[in-house]
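Pasting the structures in now, so scroll down.
The following pair of complexes shares a single chain, chain A, combined with chain B in the former and chain C in the latter.
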Partner chain A sequence: MPDIIVKPASLKELWKTLPGLPAARRYLAGGTDIVTADNAGVERSECWVDISDLPELAGVEETAAALVIGAGEKISGLERSAAVRRWCPVLVSAIPHFASPSLRNMATLGGNAGNASPCADGVCALVAEGAFVRLELKGKRRRLPLKDLFTGPKRTALRRDELITAFEVPKRRHAGAYLKLGPRSYFGISKAAVAVAAELERGAVKSASVALGSVAPVPLYAAGVSAWLAGRPLSAGTAVEAAARVKAEVSPITDARSEAEYRREMCGVLLERALLSLAR
Partner chain B sequence: MKSFRLACTVNGERVEREVVSSRSLLEFIREDLGLKGTKEGCGEGECGACMVLVDGKAVNSCLMMAVQLHGKDLVTIEGIKGKAGGLHPLQKTFMAEGAVQCGFCTPGLIVASEALLRRKPRATLEDIKLELTGNLCRCTGYEKVLSAVEKARDEKNA
Partner chain C sequence: MKRTGKTMEKLSYVGKSMPRKDAEIKAVGSARYAADRDFAGMLYAAAVRSPRPHIRIDGISDAKARKVPGYAALVTYKDIKGVNKWPVVMQDYPFLPEKEARFAGETVALVVAASEKAARRAAALVELRYKELPFVEDPLEALEKGAPRVHGEDNVFSTYRIKNGSVDEAFRKAAYTVEGEFSTNYQVHAYLETQGAIAVPEPGGGMTVHSTTQCPFYVIDAVAAALAQPYHKIKILQTVTGGGFGGKEDVPALVASHAAICAAKVGRPVRLIYGRKEDFQSMSKRHPGWARVAYAADKSGRITACRVKYVLDGGAYSTLSPIVLWRGTVHAAGPYKVPNVDIRTYAAATNKVPCGAFRGFGQPQISFAQESLIDELAAKVGMDPLKFRLKNLLKPGDRTVTGQKLNSSCGLAEIAQAVRRRSGWDRKWKSPSVKGDVASGIGFSVAYYGVGLGAGGRYLDRAGAMVNIYKDSSVGVSVGNTEMGQGALTVLAQIAAETLNAPYAAVRVEEVDSSKVPDSGPTVASRTTLMSGNAIIDAATPLRERIFKTAYDLLLAEGADASLPMVAANGVFRMGAKSVEFKKVVSGCWSRRLKMCEQGWYTAPRTSFKNEDGQGDAYVIYSYSADAAEVDVDLRTGVLKVRKVWAAYDVGRIVNPGLAMGQAQGGILQGMSWAVYENLVYKNGIMVNPNFTDYVIATTADKPEYDITFIEKPYAEGPYKAKGMGEVPLIGVAPAVANAVRNACGARVRSVPLLPEKIWKEIRKG
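Then we have the complex of A and B:
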């Protein structure tokens, strides 16, 4: 564990504190990834900055155009939010598959994104929702499409000390589904996961966005199949062809959890099932 | 900093003490407070043997740092008691149903079950199964655990 942990009371205090801290430092949010990594001897920073109680990162707020989800909000808090249930059907569908109930009482979406694992369930769902991520560094703010935050396994476009403060999900009426294939029904890391958001109109897909977990170096936004789905009838034929197309967009690997070819095949199966579930 | 002044409540009592920054919540509970009911199983959040309640919610104390408890309310297995200070209804039903074998997972299972029944007094069998996905037991095969939690629920609602 790190020798030094600091716990600033506000963002303002955080920016003031940082320059005096050891260079080898990381943010501590829910702890479910970073403390595991430390217990396993992989994470060895000298200093952690505890952001888990920062008031600026808490809460879920509705603006005219978006739902703004605080990066420090616990996953279990989102489960209970009426606004999240209304505007984020993909995320709502993903939450029961996000780790276990007690880990959902600790983990945050900010940590899920900052950790940048290709299997992050919360992130995959938010990418399909078309979310933007709000970042802040010493009072300077910027905003990125969430899909552009990830540059590789466990690598992000975050600058040194830059903090994820919130996620913006555009408010639009849409249907959503999240299907995850793991070693068991609940509480496992996915072999493959598919997130789909779609605006539907009279039995047709007006627009769609498809994101996939554990089948690429990053939580993958499948731009090709997402664009292809727009304007098509939501039918069994469409689902079958979308399944064939998505298999060409993923780049899974063989590792301890699964095999590349099985994962590729399952991306098609899961997308087909997810699309058909929206038609019901 | 290298240590900090931690103020919190532990099983209903105010606690204030100097704690080393590198302490996990689990180490704080077992080593600093000397409360040995909370166990370390995997240290990865997989097994649930270290489960405690923080502000009424079940968390894995092996993945939380002590500093994160500041200003909050902690209940460990030692703080889960019956009304007159005797055995808690869940402890009684776990014994009656034979839901305890080696006992290592039992504190975590009781903490998780208590969190569920507080939040959802009429939890269904499915609710109980889902709530306990983060608690591993290698002895009982879970059937007796599930019937113990159902029995405690029924007694609570009787």
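Then we have the complex of A and C:
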């Protein structure tokens, strides 16, 4: 753990404090990734900036067009939110797969995205939801499609000190599913995960977005299969064909957690099952 | 839970689920583990570790480390006053390496500093100059000619052979034969409390060591050797130990020696507590195993021969490999009547973490192989695998592969039948089902387990105890075996209370203090209830005579009718309507100036096994297990879920049913976790996942439903007729699960863990 941990009380105070801090600094949101990394001896910052209680990052808010989820809101808070349940079916389906109940009391979606791991369950779900991410740096704000935030494993388009403040999920009626293969029943990092959001109309897919975890360098938005699904009947045949197509879009690797070939095949199985679950 | 077996005597505490003695301090968090202890002037040590699998050490410099505020000292092999050889079984592991380090993670030096953080920071700044040497990772490659040398001329730490009858001929004449290769991966003990010790220098060169350990007497051997001090100047105090499972058998002695060498150098108390990563990288593990097994059977389905080649991956130093291998060797053919056997076993040296004791001790690996293969043999013969086993199981009066004749305490056939009945085996095995993508099936296994050290450790198989009854009638019991979570303090208190007729609440068993009780051997091999239990009975028996005589006199003095028998139960002595309590009796003993403190001693009966021919009695007594596992397999993902496990055990008389149940459930879960989930990965001689993020163990969400039965075959030599049980429930789980997978979907997976990837590949092969 670094010797210096600062905890500003507001965004304003944060921007004021930053210039005086050591250059090797990182934001600490829920701490569930950074503290683990520190324990493993791979986290070498000289300073952590604790943003876990920043009021500007808290809460879930409904606007006319979107649900705005504060980047610092705890996952367990989202679990209890009626608005999240109404507008984010993929995220709701993903939360039980998100680490463990105790970690969900600490972890945040902002941290999940900022850590930029391709296996992040919350991020993968939000990408399928078609979420945008709100960023801020010293008062300057910008907004990106969440899928464009990730540039590589553990790499993002975030500028130095730029902060994720919120996620916007467009309000639209849609169905969603999140299926994950982990190393045990729950509480594990996925070998492969599939998130599907779909607007359905009379047994057909009006629009769909498919995102996948742990099978590419980044949380992957599967543009090909997402586009292909639009206008198709939500049938077993469609699910099987989509499964075949998604396998060509992923680029899994073999590592200590699983094998490339298995992961690729599982993307198909999970997508097929996820689509069929929407039909029920 | 179901228990069967007649109770012959009325007992007050033995056979009852008395509450754990340590429940409260552990529940409220007041138990003091090694890391919770502080001493005035204490410094902190941290290890400098080899980064590569095999290096020649060219130099160690603390030039940069010295700049860390609070830095105190660098400690290397040059600071060792004694002989630089850790005394375990063989003497190949130096306390600190001089010229070569043989695995990534090996401690090459230590630094001492004013805080733990400073010590870790300084350790990271110590510069190690080294040259990389060729290394070998695979145990089978290590045994080949020309492999890089890790140990001796041939990389063999030890080898055994059991040969009986004419195996080649039996295979030639056999109606059915099967052969298969099987392998199993590491298992990490995953105790909640990592390794650690605090060494406190005493005036005059002595050392008191507070150690989290299963084996305080291994610690005293090592610390005395490292410091070159006589034993009477070294005191080992076991701290409340947060889990062991075998992982705190041998290596705590190394950790404690490192702390002691540091403390001797700086002249102040030194605390050395391991982080989880270094604990993974450098502390003991279950050996990966490889085996080629073959069985032969005659036309009627009787096993006629068994041939085994069994290799354990010992890692870079021998530590406990020779005795782990020996236990595996003796049990390698399974609990069957096998007239012709040829078992050859090897512990191979590799440039990886040294492996040692883990619940089951070399048996689970070979049990997975032979019990999987027994199912294949039954299939060839065309029999139900459970009925096939029943036909071949050892029964009282039969001889094991080492020629040992089993006595009446062998309930193997009965436990197999119990599991068969309770699990609905006959119906389920014949009709595995498929619903959607999920196939369900059931699998079976049996195992036997030699209790105690047996012939492999016959010189260590003794234990002492001291029972001290204070004036206020509270009873202090000191033993040489340890509580590590398994419930020893409780079970031993029950035995002491029972023998003395003291109230259970009046008895306290303490953590081990090496100066109070003679060397009682290690707390391993499911031997504590048996060995320390008998030692307590030995110590308590003369005290019991004094107490009972005094009680009798007191009752007569109170006017009891001498023609009536005196009945002693639950801490009260009665004769007719008159009664006197334990407290008053003890007070009477003290006023008579009777000796109220006794030492006890127990030595295991002789074992006749000889290494030369692999024949003779290997253990004094065996415990037995039978398991049926019911599984669901997702045919498209290969994901395996163990739904229910039916198990039955013969572990002799049960001293504490509640704790026995805990041991059974914990053993099944740990066995299932090894069988299904746990996967420690090495790549190019480096451990890839030394953490709980990527080394996953079963959680309560993975827990199967349990159905557990005890069939209590009394063991006459045991304390209140108990045998031993700690390890028994783990051994047979993996093969039962593997056999269930085969029954469910036809996939025969020959390596543990049964990862979804492996099952999926087998299913795809069809």
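Throughout what follows, the second predicted complex is superposed on the first by the 280 of 280 C-alpha atoms of A that agree within 3 Å, B and C clash if a C-alpha of one lies under 4 Å from a C-alpha of the other, contacts with A are read in each partner's own complex, and residues count from 1 in each chain.
By our rule, a residue touches a chain if its C-beta (ideal position, glycine included) is under 8 Å from a C-beta of that chain, and two chains touch if they have at least 3 such contacts.
Values in this document were obtained by computation on a predicted structure and should not be read as measured data.
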For this session: Quick one: classify A:Y262 as touching chain B (first), chain C (second), both or neither.
Result: second
Problem set entry | Residues of chain A touched, compared between chain B and chain C (which is higher) | B
For this session: Examine A:L181 and indicate which partner it touches, taking first as chain B and second as chain C; both and neither are also allowed.
Result: second
Exercise. Is A:T36 in contact with chain B, with chain C, with both, or with neither (first, second, both, neither)?
Worked result: both
Problem set entry | First, second, both or neither for A:S102, with chain B first and chain C second | first
For this session: Using the touch definition from the top, say if A:A82 reaches chain B (first), chain C (second), both or neither.
Result: neither
Exercise. When the two structures are overlaid on chain A, which partner does A:I189 contact: first (chain B), second (chain C), both, or neither?
Worked result: second
Exercise. Which residues would you name on chain A as touching chain B in one complex and chain C in the other?
Worked result: 36, 39-40, 186-187
Exercise. Across the complex, what residues on chain A touch chain B?
Worked result: 1-7, 28, 31-32, 35-36, 39-40, 48, 50, 52-53, 76, 96, 99-103, 105-106, 186-187
For this session: Under the touch definition given earlier, write down the residues of chain B that touch chain A in their complex.
Result: 1-2, 4, 21-24, 43-45, 48, 51, 54, 57-60, 62-65, 67-68, 70-71, 112, 115, 130-131, 133-134
Exercise. Along chain A, where are the residues that touch chain C in the complex?
Worked result: 36, 39-41, 181, 183-189, 256-259, 262, 265-266, 269
Problem set entry | Contacting residues of chain C [partner chain A, same complex] | 275-277, 636-639, 641, 677, 679, 681, 683, 688-689, 691, 693-694, 696, 698-699, 701-702, 756-757, 760
